[in-house]
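Note that the chains take the letters A, B and C in the order they are written out, and that residue 1 is the start of every chain.
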Amino acid sequence: MIAFENVRKEYPGGTLAVQDFSLEIASHESLVLVGSSGSGKTTLMRMVNRMVEPTAGRVLIDGDDVAALDPVQLRRSIGYVMQASGLLPHRTVLDNITTVPVLRGTAKREARERAHDLMETVGLDPALASRYPSQLSGGQQQRVGVARGLAADPNILLMDEPFGAVDPIVRSELQRELQRLQHELRKTIVFVTHDIDEAFLLGDRVVILRPGGIIAQVGTPQEILAAPADDFVASFVGADRGARTLHVERVDGRDVVVDADGRAAGVLAGERPS
Amino acid sequence: MNDSPFVESLRWLAEPSRWSGPAGIPLRTLEHLGYTALGILLAALLAIPLGLAVGHTGRFKGLVVATAGAARALPTLGLVTLFALLMGIGLTAPLLSFVILAIPSLLAGAYSAVESADRATVDAARAQGMTELQVLTRVELPLGMPLLIGGVRGATVQVVATAMLAAYVGNGGLGRYIFQGLGSQNYPQMIAGSLLVIALALVLDLALLLIQRLSTPRGLRAA
Amino acid sequence: MTWVLDNLDVLASYTGAHLVQALPPILVAFLLSLPLAKLANARGWLRTSVTTTSGLLYAIPSLPLFVLLPGLIGTSVRSPLNIAIALSLYGLALMVPTASDAFRSVSRDVLGSATAQGYAPAARFLQVELPLAGPVLLAGVRVVAVSTISLVTVGGVLGVPSLGMLFTDGVRRGIVEEIAAGIVLTAVLALLTDALLVLLGRLIMPWTRRVEGSRP
């Protein structure tokens, strides 16, 4: 379990990234922080592995204040996946994936074997093991990033807009893979994005942030859609534009789901509700 | 004699007696190389750790850039003659000027090597749990190695030239031939000495250029 | 200080001679580097070979070059012209790769949109490409200026009048003050020229000035 207790982050120079934030994230939960730039979402996520130190308040993992833990050991125990993958350009795919296990003292051979397994888990061709990051496509690089984040078998996985830099088709593919992985692995995931559709797709719970790390609403995607807390949330999720208000139209004997503007969203499966 | 001074200088070089003894070309070349190596080594011991520290922490960055820039304005010959006069004959005076003149290049090379690493890559390495020293030695340094070698290359050019000028105040090295030729109005000998210094400088520079190319990490080549 | 005060006329005349040898090479290196860099950028292999050659040329110590040039182009070893030509070569060795980088740093999109707006090639070069390459070019000229002013002193060992004469004369006569004066004057001359170039850059490239209160 991860707990944020009244954390605040003020940068030298007076920029207030996070005002006062409290939240509990259950183990095995996938929590998405979503907001536009300046919402403090990345700052909050980076407090978990002490890449950012809060100015006030505490972050606890399973009851332990992270401030009391050695930052290097802490980071080695937490998976981290970032945008544009952040892979080491001078190391091969295999060496990138084994970085953390090797830092933690795992024998090279063992780490490599596990890395091969991981490549399969994230859907990478094992033939790519000896390639350098620059020789991979964006989607492949991102998969290596995920494999690297999982390499030390961490309980917690931090994901900082990991799919932000790839094209939409690859992105939805990677999102589906992550869903599948999470179904198997049951990690505690803190996922940061500015894309509300991605948030609803991947989050067990979603936190919608206003500028300054202020929580506009927390809840499951269903709860948020059913009852947006205020106009800000409604506008953020697109409810005010009618994009989320769907109704059914009968076309050629099939039930087509259409939004408020008349744009088709899909076909209704099974019996038409009466 | 109607031969061009270049032909005469080749004749001077071809003279077998020039290739042996304490004033011979092999020994003078070794002297020159020794001065250069010693100067670079001493300067590197000071400048490289400092440059790496500045590049890694980002502290005193402005100061280092400004100092390295201003040091270029120092006239080499001025330092060599000043130290010779203050400290007399011996190795200390020329070495001091070699070290002072090599430091700016080495400092700038080490500093820019570390600074050139992509901040996102460094951030990711740290987020994975690398210690600061591991970030420096496993990420920043390998990625910036060509720039660091570039600094050594610049310093070597500087010190080879300075070591030649040191012969003006009585030190050994290949500069001797030029200054002796200058004193005795022997233009062919001056040319011969110049050719030797140029050859030495070019060989060193090409060798370092090769090392610089080879030091580019494979993942970054032809990407 | 007494030596300095007694020899102000000597210092003034050496400073003058120093500038006469240093300033033309700086200007020549700058002006010639522009067409050479444009030419080099036209072909990849040409650019690589120009950069490599420049690097090697720069690795040649100055005194041997001063000595060799007369045999190659018929100047006299003791003439200021000989020094100025050698220093122009060094200036080019530094400046051509920098200018090549400078032109490559100009965004292709900006050049493309200038062409689309109807700039003729010459006008596009003078009014768009050259100004945008300006900051990098300026950085290059500053390095050339400082290094040229410092290198002029080496001519002193050949008897070519410049502040370098203070070093050779000082060491022969054992006057520390004379050498110190030479070092200080050379450095001041170099740093002053550098400061003037920065000032000039701000005047002719106002868009590079940092806006008051804005953060980098």
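The rule we apply is simple: contacts are C-beta pairs under 8 Å (C-beta built on N, C-alpha and C of every residue); 3 or more make two chains touch, one makes a residue touch a chain.
These figures come from a predicted structure and were not determined experimentally.
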item: Separation of chain C from chain A in steps, with touching chains one step apart; value: 2
item: Pair of chains whose C-beta contact count is the highest in the structure; value: B-C
item: Rounded Å distance, chain A centre to chain B centre (Cα mean); value: 50
item: Interchain centroid distance [CA atoms averaged], chain B/chain C, Å; value: 21
item: Partner chain B, residues of chain A touching it in the complex; value: 46, 49, 51, 72-77, 80, 82-92, 99-100, 103-104, 132-135, 148, 158
item: Chain B-facing residues of chain C, complex; value: 52, 55-56, 58-65, 67-68, 71, 77, 143, 146-147, 149-150, 153-154, 156-158, 163-164, 166-168, 170-171, 174, 176, 179-180, 182-183, 186-187, 190-191, 194
item: Chain B residues within the chain A interface of the complex; value: 118, 120-121, 123-131, 134, 138-139, 142-143, 217-220, 223
item: Complex interface listing, chain B residues touching chain C; value: 4-6, 69-70, 72-82, 84-86, 157, 160-161, 164-165, 168-169, 175, 178-179, 182, 187, 190-191, 193-195, 197-198, 201-202, 204-206, 209
